[in-house]
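Each chain carries a letter (A, B and C) given by its place in the written order, and its residues are counted from 1.
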């Protein structure tokens, strides 16, 4: 594209003059050209503005006068803000190309496949105009923090949120023990005697009772309602506790009341 | 649970939740009370009715139901703060409009229509606001990224879905091949599906 | 300004402001509209009336007026922020299991079996949860505390007594035998079944 338009770029529109035709309906002062530039969102915007100013139909795109006016603006821009004008220059080149193609006499042979050179630009202009409409729609839609605000109420409910405690299922507990014991088996061999379990529970319960009462009557540790098995468990638990030196069984006289005491209470004074 | 209690509860929830709540979320919230979807829907309708003429209204946006103030009150309420609400540049609005109306779309498409190169700062702003995102690549050389708008975009403009955007003229068809359109449609559908899942 | 508009505006403001608003602040807010204190007061009263039976209510707290959710809705609303419970560590589970199955037991015993020291935080957690307690001291040098499980522990696991604890495979061999694993699996299944019944 570049070379072809270079020669068709009509410098004559500007005549090398610093005084340029004042844009009639722009409210910005003519010397504030940078501001003029910034009022347009791009070359399409400028083109659309020029077409609209003359109340022309996009479809009938009057390429000659529009190109001329467009070039005037581009010249103004070129002097001031070259990088920004680059996009405008591309459009200028396109306009010039269309203009030159329209000026060329058409060869009668390739008439059927010769499209109006303006067609592509018209399509783009129409699409751009549609998008500008879309942008206006967006601008007019209710916007957060401008037209509407989110409604929030205070609540005391937040304070009611309790951090839930982790849950454990029973099988996890069993699994955890077997894992711990598997670990132990690697270290040394611990004896696991499941049948002692109820005895150990009874041991805990007796120790617990002794926490509350320093002395208990031996017979109070047996609950006849538990039957023979229960009595045996309690008895085994007491023996185990004695063996582990956790409790003392005291009988002052023969046939007198047997008492059970916590070893703690005996040593309490000496240790604390 | 009585419908009156449910109504109070949903009303309260919508006023304290940090994000809009969907009908589905509300149904799940009241699962312990065995509240039906129909009941939730009925309450939402009643609430929308109740607040019709009030200073706040119950609106249904892309991510669910939320209470927001009447649009007409914007000026009076924004006086609460010193700062004036942000205004967006024409370039940003045009870029956003292109992505909203013509999604999915590449930067190249945007540049072609707007006639200017797309500024990276605009794309960054739109992405930071969470209004646009990359939804795929067009299968052409360079595999350019395809942009689309997000639920946050719809929320911000108080829209439930894209069909609520005011209509603009359809693009004059020229470039797009039928199979290309079909492909794009498929991508959009896929995108929507994943959105709904999350 | 019509009283109806003022009402909508005050309603909107109260729902949007980060802090409660006093009557005075509202009067000042509407200074450009020349709204009187009497009008503001009237609107506030009307709003209080309007929201009497709703899910949110207009209350006059120390720092002004604000909308807040009904007191009765506390539990239902707090569910919005309910977190999923965390999980206990393997170390805690093993410690609890050892105390449950081998009670009364000292920390030293647990350490010996597990081969690692028992962290104080685990013991604290278990005690705070009310699952274990000190039931005495072993009469050896240092008089270490003896731990046992509590009634709460049994309640939590819906056990009548410790004999109902599931059987544990003996760690007779170094590595787990296939049948051992199968046994554990069976127990888990059985456990699930009973859980579901309850």
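Heads up, the rule we're going with is that contacts are C-beta pairs under 8 Å (C-beta built on N, C-alpha and C of every residue); 3 or more make two chains touch, one makes a residue touch a chain.
What you see is a predicted model; the values in this text were computed from it and never measured.
Peer 1: From the Cα centroids, identify the chain that ends up most central relative to all protein Cα atoms.
Peer 2: Chain A is the most central one.
Peer 1: Please indicate which chain is farthest from chain A, where distance is taken between mean Cα coordinates of the chains.
Peer 2: Relative to chain A, the chain with the farthest C-alpha centre is C.
Peer 1: Identify the chain pair joined by the greatest number of C-beta pairs in contact.
Peer 2: A-C
Peer 1: Which whole number of Å gives the spacing of the CA centres of chain A and chain B?
Peer 2: Between these chains, centre-to-centre, one finds 16 Å.
Peer 1: When the centre of a chain is set as the mean of its C-alpha atoms, what distance in Å lies between chain A and chain C?
Peer 2: 26
Peer 1: Distance between chain B and chain C based on Cα centroids, please, to the nearest Å.
Peer 2: 35
Peer 1: In chain B, what residues contact two or more other chains?
Peer 2: 12, 15-16, 56, 67, 69-70, 73, 77
Peer 1: Please output the residue numbers of chain A that touch at least 2 other chains, ranges allowed.
Peer 2: 149-155, 157, in rising order.
Peer 1: Under the touch definition given earlier, write down the residues of chain A that touch chain C in their complex.
Peer 2: Within the complex, chain A contacts chain C at residues 149-158, 160-161, 163-187, 190, 192, 194, 197-198, 200-201, 203-204, 207-208, 210-211, 244-246, 262-264, 267, 271.
Peer 1: Could you list, by residue number, the parts of chain C that touch chain B in their complex?
Peer 2: 7-13, 15-17, 29, 53-56, 67, 69-70, 72-73, 76-77, 79-80
Peer 1: Under the definition above, what is the set of chain C residues touching chain A in their complex?
Peer 2: Touching chain A from chain C are residues 12, 15-16, 56, 66-69, 71, 73-78, 80-88, 90, 93-94, 96-98, 100-104, 112-115, 129, 133, 135-140, 143, 146, 148-149, 156-157, 159, 161-163, 165-174, 176, 184, 187-188, 191-192, 195.
Peer 1: Which positions of chain A touch chain B when the two form their complex?
Peer 2: Chain A reaches chain B through residues 41-45, 47, 87, 90-91, 120, 123-124, 126-139, 141-155, 157.
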